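Labels run A, B, C, D, E and F following the written order; every chain starts at residue 1.
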Amino acid sequence: MNIVVQNIERADPVIIKALGECGVATVHEAQGRKGLLASYMRPIFRGASVAASAVTILAPPCDNWMVHVAIEQVQKGDVLVLAVTSPSDAGYFGDLLATSMQARGGVGLIIDAGVRDIRDLQEMNFPVWSKAICAEGTVKETLGSVNTPVVCAGELVNPGDIIVADDDGVCVVRRDEAQDVLKKSQARNALEEEKRQRLASGELGLDMYNMRQRLAEKGLKYV
Amino acid sequence: MNIVVQNIERADPVIIKALGECGVATVHEAQGRKGLLASYMRPIFRGASVAASAVTILAPPCDNWMVHVAIEQVQKGDVLVLAVTSPSDAGYFGDLLATSMQARGGVGLIIDAGVRDIRDLQEMNFPVWSKAICAEGTVKETLGSVNTPVVCAGELVNPGDIIVADDDGVCVVRRDEAQDVLKKSQARNALEEEKRQRLASGELGLDMYNMRQRLAEKGLKYV
Amino acid sequence: MNIVVQNIERADPVIIKALGECGVATVHEAQGRKGLLASYMRPIFRGASVAASAVTILAPPCDNWMVHVAIEQVQKGDVLVLAVTSPSDAGYFGDLLATSMQARGGVGLIIDAGVRDIRDLQEMNFPVWSKAICAEGTVKETLGSVNTPVVCAGELVNPGDIIVADDDGVCVVRRDEAQDVLKKSQARNALEEEKRQRLASGELGLDMYNMRQRLAEKGLKYV
Amino acid sequence: MNIVVQNIERADPVIIKALGECGVATVHEAQGRKGLLASYMRPIFRGASVAASAVTILAPPCDNWMVHVAIEQVQKGDVLVLAVTSPSDAGYFGDLLATSMQARGGVGLIIDAGVRDIRDLQEMNFPVWSKAICAEGTVKETLGSVNTPVVCAGELVNPGDIIVADDDGVCVVRRDEAQDVLKKSQARNALEEEKRQRLASGELGLDMYNMRQRLAEKGLKYV
Amino acid sequence: MNIVVQNIERADPVIIKALGECGVATVHEAQGRKGLLASYMRPIFRGASVAASAVTILAPPCDNWMVHVAIEQVQKGDVLVLAVTSPSDAGYFGDLLATSMQARGGVGLIIDAGVRDIRDLQEMNFPVWSKAICAEGTVKETLGSVNTPVVCAGELVNPGDIIVADDDGVCVVRRDEAQDVLKKSQARNALEEEKRQRLASGELGLDMYNMRQRLAEKGLKYV
Amino acid sequence: MNIVVQNIERADPVIIKALGECGVATVHEAQGRKGLLASYMRPIFRGASVAASAVTILAPPCDNWMVHVAIEQVQKGDVLVLAVTSPSDAGYFGDLLATSMQARGGVGLIIDAGVRDIRDLQEMNFPVWSKAICAEGTVKETLGSVNTPVVCAGELVNPGDIIVADDDGVCVVRRDEAQDVLKKSQARNALEEEKRQRLASGELGLDMYNMRQRLAEKGLKYV
């Protein structure tokens, strides 16, 4: 049952871009605190961010054959999301595959495994969020699938879902919820700016959020 | 039994500042190799250092309500130290709370849990030593306490204890031992400078510390 | 049975240097995907690389006495490789020992334990690959050995073996295989450059490596 | 978006029972090596096995309110499958909830978190596969959902999917694939019995599976 | 600053025994969900339970010298609680030390490190809750302290505090709170018995605890 | 370079058996506290012990092909020791392979990876020390080697080395040191019996080992 789904639907690029501008923490909050990949997924270099449609890969342990298959399915602006059938820290991806990705217009990689050639990847400005950095190579022996739903770092990712990733981590947004999540994210951001100014002026969160009475009711004692 | 202790004693700011200049490794050695928090506590960005009086927080898992309560207790130069009642990697703290901390004169955060908005925190130059970086938000449902003794990353921290933190980790110094620890730290540093010069000139530690005889007595054989 | 082996053989410095230029990932591949230390061994700062002969240390937990003994055995261009008899994250090595190493011509440290004074080490440009960063000090009470075969981070390292380390991790090459591994590494690099250009021009790995038929034979379905 | 789905479809009890008799390892193999929960999910006592329809729970960290909600949805022969929105080792479940489960006909619990009162649970013969054993209690403050698809220990579980669990771990079978998986599992078991007898008589796997030629072709050398 | 405190106060043996009968989960709940050691502390065999006054040890890594010192301080019915100054899995304790403990009337060991000879310990019915099982031996080189406050598995334990341990884990009760905690524990147990019977008869927790209205108010939807 | 070494030397069976009677902790101590595999290697059931000559396997991740190859090399009384080229928790070994092992006279398995069918293995009384229990199957695609030196759970094991394993863990003894280690182990055991009786009679280790003066010299204070 190893398949490659060739035609996947993607969300509106305008929405995708706008979600990226909101950032992971805001998007995650705005969609009801769901969709966050496990916090062990870290960027290989700081300061990068990505918002893109997911092309998904389900790969065997220590075998990166399906990455080659997936790159053919990548369209301009897509991100690869690689999940494994069994845990592995091996380095599935390096500078050659990144070169191929960039030639196809791919913008990044989310991988629940390892990556290598990280100095080259940083110089190429090709961002990766991974579980490990590991020079160990992989084989090309066993099939997996491309563009099927996968569980990556504890979260379900469907092909065409939107990935938002930055220094705080990686979040997935369902394609059909993207517009709604964007609206809520932007509303949240607007509110945050106002809050930031009030807090910067010295106002306490206790007062700004009217917390004192509820704290007292719950039984908090000042001594 | 959820309380907020409002008046805590703090050490002399001159001593605190001087301890910070000695650095974590030196202070830790000078006080007899005690007081070091677990090595999983890492700075969210390199090059920062903090020396400050601890305002302590005991917080429930995934609930940052007490952070708001604690910030009211922060005085100029204080650092927050957050311990949890149950392990959590959630992001208790982000750029809004950092804005509020800086408005109150707070200088940093030590947190045995997660933190988010780390790019903003770096731009604000607000240093954090944490167990995790995680975009996951928290709730405001359950009480904890502020300024009670807590166990943070395996070490007891009392309110008003001095926290010294840099790229090497985080160390706690008891308030009533601070002056003595400072004296020993400075003595140690003076000695280190002389040792550094001798080692830089090519002298061996084996000779500088007179180790050869003791090694032979213990039975070390050269072959 | 605590010994210091004083005369170890080293590989040709020209070969060592050339291996370093190939990088960890390439060398590891070229020697048949062996010799890689566990991926938890990370550089304390990015951008450094080392290729050097190993002076090995087997040390007790939380005891860095043998590091002093080992430095006397270091020759210009050597790297220390420290393994422990029982797991420890303590900081065995800091700026004083690095000063001594540099005075002897030593170029780095691979340590399956902790290191401290990392800001100083970065300023001195003394690279370290370690399991942990930890300010905790060590004692000088128990003997170990120097220049005996050790298992460091899961890999056997003999004294005089060649260590190649960069941002991707740490790899060991047997002294008597070095020349052959270098030849294969350089051949591999030459090939990679050509592949990089073809991939950059948009050619797919699927075509460049002739994978399509083998994928079909294994049963991959496009839908 | 916190919901309780009240009517879920279940597989044929005859098929469920038969799958349980095949065991986790066989079922997992028979369905193409998929569906296995992470290996950190261990039984709290040895020798138990379960095959049952999943009633799923998505619960907040350290909050077991939804377990009470879920038990009302349990029918005779069901198993609870609890996933968390954020990692937690807290003890969500103990002897009182097990009593309630058994009164409703529930047969076990799969929980990506902690459990307590394990001596009682063993005496009641109520099997649990969990990530942790932990006496820490939970609150009842925040909603989750019941009978929605969840990711538990890295695997997607839909309400009504079949859970097979024994000393080897936990496997999930899709409801609509159950009959086919059962057929393949039983075929596999029949074959295994024959193989077992041949191996017991001293025949080698190398010969029974005709491996020698393929090993030689791949380049294995006997020396 | 290595000391042995010889005279410590202990709680009333009647209270200690009664706390033990309540069990860890109940005591932990009754004292407001505090005092629980980290869940990685597991019994080396199932079915044992201990309630006893703590004689505390602060020990260096891989050095069990202080255990000998502590045993002299043990009185009939005491339990040893060993914390380490740096993480270690080494086997600090085996059948000889257990023999000595039993000769002094000691009833068990709580150790944030490793233990060995576990088959012998089980045959002697000497219960241990530990972080690891490890045959690795220790040295007798470096001092620690006995009967000072220690942080063991993340929790502060004072000499004379009461330890309650069973298959669910380990909990510490402050000596001056013991009587109050016992009263609350017993009240809780009485209540649990009644609840157990109602749940066993098929009543739902939803009804027994009157949860339905609050769930609806929070927004739970049945579909 | 995938090879199978067919003729390996083994130690005297009388010595092997006698080492097994001494137990892991004693043998480990007697040979100078070396040779112990990492403490994460745990028996799949309690009460088993093994002393045997090692037939070693170096296997790729998630690929158990080499186990079949190795079983042909097993002689009566041998134990398999499996190391991996990349970390894996997959279940390389189950009841069929155990049947084949027992038919060849093999007595156990040490595996730095996963094992399955553990209920069957326990019923067959086939002991295994493993890193994980995991139902996940493996493939037969990639070669490894048999009877070459391997690093298993952090320790070097040569073919023909002696493995001693019991509830405390796993220890390796070099073939050419076996006789000497046995002598020291037996001497140690004789001494332990005398110590046990003295400690059982109430004598303190402090007195039996004459520790009091050395403790005082190091500065221990009784208060």
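Quick notes
The working rule: a contact is a pair of C-beta atoms (placed from the backbone, for glycine too) under 8 Å apart; a residue touches a chain by one contact, two chains touch by 3 or more.
Treat the numbers as computed from the prediction; the structure is a model and nothing was measured.
Between the contact lists of chain B and chain F, the overlap consists of A, C, D, E. Distance between chain B and chain E, defined via averaged C-alpha coordinates, is recorded as 29 Å. Rounded to a whole number, the gap between the C-alpha centres of chain D and chain F is 31 angstrom.
Centres computed as Cα averages put chain B at a distance of 43 Å from chain D.
Across the assembly, chain E contributes residues 33, 87, 89, 136, 142 that each touch 2 or more other chains. Under the stated contact rule, the graph of chain-to-chain touches falls outside the line, ring, star and complete shapes.
Chains touching one another form the pairs A-B, A-C, A-D, A-F, B-C, B-D, B-E, C-E, C-F, D-E, D-F, E-F.
Within the complex, the chain D residues that touch chain F are 23-25, 28-29, 33, 36, 39, 42, 46-47, 166-169, 171, 192, 195-196, 199-202, 204-206, 209, 211, 215, 218-223. Partner chain E is touched in their complex by these residues of chain B: 1, 32-34, 38, 85, 87, 149, 151, 154-156.
Contact residues on chain E toward chain C in their complex (touch as defined above): 60-62, 86-90, 136, 139, 141-142. Every residue of chain C that touches chain B in the complex is listed here, in rising order: 2-6, 65, 68-69, 71-72, 89, 91, 94-97, 99-100, 102-104, 114, 116-119, 132-137, 140, 142-143.
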